[in-house]
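In what follows, structures are represented as structure tokens.
Two complexes are shown next, each including subunit A; its partner changes from subunit B in the first to subunit C in the second.
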Partner chain A sequence: MTAVIETGGLGKRYRRLWALADCTLSVPAGHVVGLVGPNGAGKTTLLGLATGMLAPTAGTIEVLGGRPGAGPAQLARVGYLAQDAPVYAGLPVADHLKLGAHLNPGWDAELARARIKRLDLDPGQKAGALSGGQRAQLALTLAVAKRPELLILDEPVASLDPLARREFLQYLMESVGEQSLSVVLSSHLVADLERVCDYLIVLVGSRVQVAGPVEELLATHHLLSGPRRDPGSLPDGMRVISASHTDVQSTLLVRTSGPVLDPAWMVSGVGLEDLVLAYMSQAAGRGRRNHLEVQR
Partner chain B sequence: MTWLTWRQFRVQAFTAAAALAAFAVLLAATGPHLASLYAASGIRGCQPASCGHLASNFLQQLYAAGTYWVLYLLGVVIILLAAAVIGLFWGAPLIARELETGTSALAWNQSITRTRWLAVKLTLTGLAAMAVTEGLSLMQAWWAAPIGRAVGHGGGGTNLAMGRFSSLVFATHGITPLGYAAFAFALGVTAGALIRRTVPAMAVTLAIFAAVQIAMPLWIRPSLFPAEHTVIPVSSLQQISLQQGGFNDSSFNLDTENLPGQPGAWLLSSGAVNAAGQATSTAPAACTTQSMRNNTPAFIDCLASHGTREAISYQPASRYWSFQWTETAIYLALALALTGSCFWRLTRRLT
Partner chain C sequence: MIEFHLDGRSGVAPYMQLIHQVRQALRLGLLRVGDQLPKVKDVAAGLAINPNTVLKAYRELEYEGLAAARPGIGTFVTGTLDGGSLAAHGPLRRDLQRWLAKARRAGLDEESIEALFVSTFRSAGEEEIA
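After this line comes the complex of A and B, so read on.
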């Protein structure tokens, strides 16, 4: 299967601060990819690089085999919904559809009209007067109706209320089903992504912590609890992501491709949220330690 | 892209069209009467000896009537401001507002490159900017043609008697308004692209444009072509301004506003020189006697008889269009350079 996004040592620096560093990824096609990480982790930067809105400082990035934003053909293949779903506040809904029709050779007018009708949006209403949820839906309609192969959404539901959030994701999944789209969407909340994503990238502190199909991630991560012991004494091939200890007991979140054979452990599965949190706190802990070392 | 550009621009376009129409109505309502006054003034077909007198009378009549003087000045001010207003309200927001509201992310992710997006927006809006300003200028030129002809016939004596080279007239007639509009617009767009915020970009645009518009007539325009120099007898001067002062009125300043035999020339400087050709401001003793005081012709004759002459540096009237073309070319070149930097910024250093 070909990759929709392929990066090698990708980095982006703003003045002296690296917003994204040493990012090497290969995201296969046909997935709904969740890009998750805390605020300021570099999610928007990575998506900006993938759409060609930003130029990389270091490394390479290919999207659908081409340079992002390289020309009209490349732009036509990638749909992008920027953070806060920008629309022209002064233009009515209908003019946004006209805009899409004029600027995209592959524009699906029928699909756009049907979606606007189903969303119950008044075509004559100014986009500036729409609610946050309606605005996001309008922007999604624009991005979907240009018939892209890859749809990139930056924090699409962050500013929406729970109901609008559910409706938005529902429409998104319908479009994915109808058009066989690949999707990359970012969020700082795992709960948003859990229902829709089948591939996950965890980005913390401008670095990719883990990436892979959700099923595989869940199958290779285990929560072990048992009598207290040193995490260093675990067998090879088992990586500790997080560990907590009481006087008598240790609880470890480990990643391993093989089965856990040691009978001393009680093994249980890990939810996606716990998994992501473990990686986030691991990265945060590393950051603190580095910070301390610098101070010393 | 043409559709989107027009859709975003049409309110401004209608506003500009309405302003042009209002200006046209104002001028059309008053222009014919101005022309009839000119026809009645007898300047057309005048004898060379009386032309200057008739023209001065005509201008005096207009100036005294008030309306035409006010309209003339109003037209000049509107044309001067048009370029600045266009730079501020069309140029500065063109990119800055898209960046500010984030809609650039929407526009730049349609199936059209940023280069094309910018090219279409700049071309359509920029051409409209130039057309509006030049349109205002042509209307004003039509309306004010009798005044220009009267000034050309040597009419003087009022504030209306501004030659073609005077700052206000030069900047509002001919093709210079075209260059100003293009420059102001490109300046606004570039400031917006760099600053990325509309209101600060407008402020910067206004400051730079005003500075350039002040520097151009004061320091740059006079030296676009090397000035001509001539020394003529003081007795041949036609319109003089004489200042006397000091002990026994022994120091004087003799300036003139036009050069005999060179109607419409642009005088850069004038001043008296002595027989040796050196600038002087001290009158010969013979010219400061009691009988010379308050008798300007006698004083001038006295200066002449003592070898005092007037040195004048000027630009001949025949260079008018060379000045117009050169200045317009300078502004257009600046506009092109700014436009180029916008393309560079938007495509190389992606936002």
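After this line comes the complex of A and C, so read on.
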């Protein structure tokens, strides 16, 4: 299966600041990919590079085997929904569909019409008068009716209330089930992604911390607790992601492909949220140390 | 047709929850051979979960011989789990209801009833093994 996004040493610099650095990824097709990280981690930059709206400073990126934004054929294959689901406030709903039909060669007018009807949106109403949830649904309808192979969504549910959030994800999952659609969506909340994503990329401090199928990530990360000991004494192939110690006990979150054989450890599984948080705090810890070194 | 639900705090993987619910419905006779399982697309849309999760659950049920996919139509029940005991459910349920009423009259609250049932169930199971 071909990769939907393939990058090698990809980087983007704004003046002296690297918004994304040394990013090497290969995301297979047919997944719903969650791109998680705190605000300012570089998520929007990576998505901007994938759509071709930004040009890389370093490295390479291919989307669906082509150069992002290279000509009408490539543009037609990728749908993009920017942060806060922008629509034209002064244009009625019906005109948004007309616009979609004129701008997109693969436009599915029937799908768009049926969807607007099911949402109970008045075609004559101006988009600016819609609720936040309705605006997001209109924007998603436009992106799906374009019939892309890859749909990229930047923080699609961040500004929505819980009900609108659920409805948005329901429609997104329905579309994934109906069409052979790969999806990449970013969020700073893991809880949003837990149900919908089967592939995860954790991005912190402009660098990819971990990436892979959710199932594999959950199967290879374990929480170990036992008598206090030096993490350096662990077997090869076991990587410590986070560690905390009391005077008698050590608790470690480790990544290992093999089983944990040492009977001194009590081994338990890790939820997606804990896993992401461990990588985030690991990266944040590194950031703090660097900061201190600069001050000295 | 059954309807799935998900418990986000149970810690059980969503695809396992779907499998449990089908097995439970088979045991209770809510699903019979020939019945159609909810369409993947509808489950994904209803629960806002990844369609691949639903597919995975259905594949597992196929592997267990409980369901079979008919391409382009859907997934259908092909096996049962009631072991032919479904006819006995009615009388057993009535016995249990009588017992529950007795326990309430004796002053047990719901938590105590559940604890008593679970501990008795466990010790009976252990005696059988021993």
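Just a few scattered comments:
FYI, the second predicted complex is superposed on the first by the 296 of 296 C-alpha atoms of A that agree within 3 Å, B and C clash if a C-alpha of one lies under 4 Å from a C-alpha of the other, contacts with A are read in each partner's own complex, and residues count from 1 in each chain.
FYI, contacts are C-beta pairs under 8 Å (C-beta built on N, C-alpha and C of every residue); 3 or more make two chains touch, one makes a residue touch a chain.
Since this is a predicted model, take the numbers as computed values, not measurements.
In the three-chain model built by superposing on subunit A, subunit B and subunit C fit together without any clash.
When the two structures are aligned on the shared chain, A:243 is found in touch with neither subunit B nor subunit C. With both structures placed on the common chain, the touch criterion links A:55 to subunit B but leaves subunit C unconnected. By the touch criterion defined above, A:91 reaches subunit B but does not reach subunit C.
Legend: residue contacts after superposition of the two complexes on their common chain; A:169 is shown touching subunit C, with no touch to subunit B. Ranking subunit B and subunit C by residues of subunit A touched puts B first. In the superposition on chain A, A:177 makes contact with subunit C only, not with subunit B. In the superposition on chain A, no contact is made by A:260 with either subunit B or subunit C. Contacts of A:100 after superposition: subunit B is touched, whereas subunit C is not reached. Of the two partner chains placed around the shared chain by superposition, subunit C is the only one that A:197 touches, whereas subunit B remains out of contact. After the chain A superposition, the centres of subunit B and subunit C are separated by 140° when viewed from the C-alpha centre of subunit A, nearest 10.
With chain A fitted onto itself, subunit B and subunit C come no nearer than 25 Å, counting C-alpha atoms only.
On the side of subunit A, the complex with subunit B involves touching residues 51-55, 69, 71-73, 75-76, 78-80, 82-84, 86-89, 91, 95, 98-100, 102-106, 139, 142-143, 146.
Listing the residues of subunit A that touch subunit C in their complex gives 30-32, 166, 169-174, 176-178, 194-198, 271. For subunit C in complex with subunit A, the touching residues are 6, 8, 11, 14, 40-41, 44-54.
Against subunit A, the residues of subunit B that register as touching in their complex are 1, 3-4, 7-8, 101-103, 105-106, 108-114, 116, 348-351.
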